[in-house]
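Next come two complexes built around chain A: one with chain B, the other with chain C.
So, the complex of A and B:
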């Protein structure tokens, strides 16, 4: 957990954006074509062996960001660098080679597994793809070892995905992702489809694996408690942009952006004591195909003024390294902990 | 009970033999066994037609014209009776089975391969390739196949090879639609995108994962088109555009037997019964096969 690596970042994203062309709602098939900015200028970096938590409401672009970071989609703008090298174009041979270093863990493990193949075969499949010369005996040895590492019994190898429990399936997905010893794992809501008791098991497994293998995680979730437990850094997203980005513990203790404050206020008993009560956020986020002018959060922000409707706030770095995009949070005002200066 | 028997297989006790039988019939229901035996019989007849026919299927026996079959007052020398020219119905039936099964089998195979390939191509390449394939599918689906068949046969004449290929063009668009839709949904989310993300090439994704997963749907579709092709062939032969005399097929027999339906119904009834039984058997077998191929239903 404390592996503080001050070297080069493993993964770096510079202003990545993903725009989809959609029809405006309301007019059905005759609607005007619009541009949905699912992700709009996200810059972040992940150090080796560290975890970046990506949080936000549904539809804020977390998952799209995760897919962009892995190169599963080509960004409309910006660039992702892995270990100093730009990611290859999706589908090319070079891109396929890069898969050995970075893997994805899915929200729905049953959907991510082929129900016609035994679990053992599927865990070994990355080896078949990337090391076709490997003998069957060697491969089976690796499969059993990897299954043991994620806490599966050897006899599970002969089972089919539907014969396993949800937690076991997620372990299978993890074993498949880890068998090539990648350096980065993007976990897209890896526990939200699991029972609460199994969530804890999987989170602990992720923490253990990180310690043993010096893995870097991008952990996408809307479960703030788990994100707080697992992350070193946290980026809070709202409508495709990062609104607050910083070291996890201080961000959760002392949120600066009104959106982060509202998000944290929505979880029971985390920041309640002592701190002034902030009303949990109301309503739904605006339509991302038709975002409000200026600051995207102003329609739901308790502090919004005319300035917010005119100009979108840029991310500013505070003295402690935190980045916040809000007109009311500047390096001068941030010294007062716990509240936003008026 | 069957569950316990599966877990503890011992062969010595007689009580277990009962359980074993039960298990066997649970896995192979009697209807499926009957269908399977019928199809096997058809295949044996088709393969050994030259050896099994008691007479040449074109041999006349003008003295024994319209002789009824055994059971309707006939004699042993023509077990299923004779037609208006005194040709042995049993011999003609066996040759017809061979011809119809050949046409339906290869027709289905051609349609399934072509349709699946085009569907997967559309799902893989998207864009222009997909647009072209979709237009082809729509064209095929909107045009009554009978009209296409009639015009092709009218322009290019009739040969067995052309006829089989033409049958292969029947219903390929169904396979193309099914495979495209299923491959698209697999690509978009789930196991196929997960495997692609592992770094797998297209061959592995489609060959190892997508195709086996959509195969059950395609197989069911094949068991639906197989009878359809038999019926289509029968229809075209009935119209005189399919298999040409002296060659014979099931539909051809039904077509020419129609004129004698009141005086000698056996000429038409024998091939009709074979058509019904074969199509029924194949449908039952396809249903059963679909369940057997799905590990989640085991």
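So, the complex of A and C:
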């Protein structure tokens, strides 16, 4: 947990939520109006130079959370603070100042780049916007330096995105995100579109950059193996809420929430260990526009009881600092090994 | 009849028996794509065979030729692709076969499922209609009989409330449900072989586990053979008997799945395994394979992997490596395969070799354990 570290968090979110009004599916414009709680009360913090992994199935709200953290969306409730300050109002001078320090990296680098501009021009574009007074020579110097930092050759600057490989394109996106010297990078599935051998290159690059530049990452991914590799802390989300949040190493070693256990058990591994595997959980995540009563995970949970249908469990802090939202995991039960046999 | 004759006869019998077990036999399959006025070779002579009821995994990065091998074998590539070699299905040649023959094989004896179920299904037709269509095409079932069979198939693939789901459109189902519906359609012809091309790549890990368990279950029941094409080594490791690793249009390693993941021989296979983060044990820096996969029109002269290989020597850059049959069912396409026949296993505990290993790209997965 970051709370036990000294120093001030770089990024803090207090009970942020994002609700969308939708019509119930299948009936088109005649469906009953409803509220889709994409993110529903998420509290988290990221220390400078540290990585928070955000995991969960598709539709659990992890990408929306990432956008809320950057202020790319206005939260329906709650507040995000960056470096102790609330996110500035869009369009103001403070907002422009703040934006330089927090950047985003998306999954598909080709979609994130402009196909008609050379990559050098695109890497330098943030400088044109935020430092219009900078001379061309200075700017070019910075572009070359940034490209070198992400492992690109100077001659790549003249290329167009389609002339580069997927891994190189993601390096371009990283260089562009880094050129304003941000302190926080929100990476939304940054390596999912890359080949296995290239994924390792980019993961290593992200780790090196963090060490050199003291960057903080919010790393959104469905690939738990990569999240474990890169994260200091991990938050597991289910249907818009955090169900387990804690230090990465201990969370992966001894997952407490039945959902975290199921997620980990579902990962196919090339190392076949003799330990019995937990049976895969059944079904799909429920429709976020029509969530079950009580605990959202109860419809797929092997331990669910009547209590789970009645009340939603709150996040509780365990002795080791981890937070878990499950009726069956309390500070008293946490001491024993948490794995539930199927 | 003298002794030699008897022996010959015996060998022939064995051969025939083997032939009956053998479902697919691909020999020296090549694919050239016409680009302008030159031909670009995408597949460089692939040999691959499959017995009845066997599960084979095909792994490799994008562009390695995993999918086109099977598209070519089933005559599903566009006309500008020139295909050479031989593809025998139950002793019948499929390459350049008349449509009449292909129609009895494709979809019926050999079914395929793809990565993105929602784009493989027709968005304007109900699930039930799409399954009954396959049933009437492959099994001649019509009307109520087809409807009942479609419902049975949806039940079989674990879709709850099958009768109601028959009248749903693909967009009303989740990704996992759509993939189940695709599997139901594939099963409509009661195939002997299912080619699953990245069947779970677009799905969440929990749903992926369900779909893979379903495929295993179906195979156990029906003795169906399966080719599982995936870039995810973990998915392959847990679901197949034999693994083929492909790189730049060639099969570079083939062996039982236990052996490949336990003692990979080809430097590329070892590189892939070392590049994977672990879920257990101490975190270590990933050993990435440097560089990228070469483009098919820009292949190096010698071994295609040599520019990225930590063990490459001069000879690797000069010519194609020979295919080394290490064991009866194991093949490796590498000049140095012989050196790795008896790799040091387990690896000594002192940390010094790890540094050496990382530097030379000589990473063996066992080091991580």
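Keep in mind that, in the parts below, the second predicted complex is superposed on the first by the 321 of 342 C-alpha atoms of A that agree within 3 Å, B and C clash if a C-alpha of one lies under 4 Å from a C-alpha of the other, contacts with A are read in each partner's own complex, and residues count from 1 in each chain.
The rule is simple: a residue touches a chain if its C-beta (ideal position, glycine included) is under 8 Å from a C-beta of that chain, and two chains touch if they have at least 3 such contacts.
Keep in mind the model is a prediction, meaning the values are calculated, not measured.
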| item | value |
| --- | --- |
| Side-by-side fit of chain B and chain C on chain A, or clash | fit |
| Touched partner set for A:114, first chain B, second chain C, both or neither | first |
| Contacts of A:7 with chain B and chain C, given as first, second, both or neither | neither |
| C-alpha centroid angle, chain C to chain B via chain A, nearest 10° | 80 |
| Contacts of A:319 with chain B and chain C, given as first, second, both or neither | neither |
| Which superposed partner A:222 touches (first chain B, second chain C, both, neither) | second |
| Which of chain B and chain C A:266 touches, first, second, both or neither | second |
| Touching partner for A:132 - first (chain B), second (chain C), both, neither | neither |
| Partner chain in contact with A:203 - chain B first, chain C second, else both or neither | second |
| Partner chain in contact with A:84 - chain B first, chain C second, else both or neither | neither |
| Which partner reaches more residues of chain A (counting touched residues only), chain B or chain C | C |
| Lowest inter-chain C-alpha distance for chain C and chain B in the superposed arrangement, angstrom | 9 |
| Contact set on chain C toward chain A in their complex | 61-62, 172, 174-177, 204-210, 212-213, 231-235, 237-239, 261, 271-273, 275-280, 283, 285-290, 292-293, 308, 365, 369 |
| Of chain A, residues touching chain B in the complex | 70, 72, 95-100, 103-104, 106, 108, 111-117, 125-126, 129-130, 160, 162, 173, 176 |
| Complex contacts: residues of chain B adjacent to chain A | 189-191, 193-195, 197-201, 204, 209, 212-213, 295-296 |
| For the chain A and chain C complex, residues of the former touching the latter | 25-26, 57-58, 165, 167-168, 195-201, 203-204, 207, 222, 224-226, 228-229, 249, 252-253, 262-273, 280-282, 284-285 |
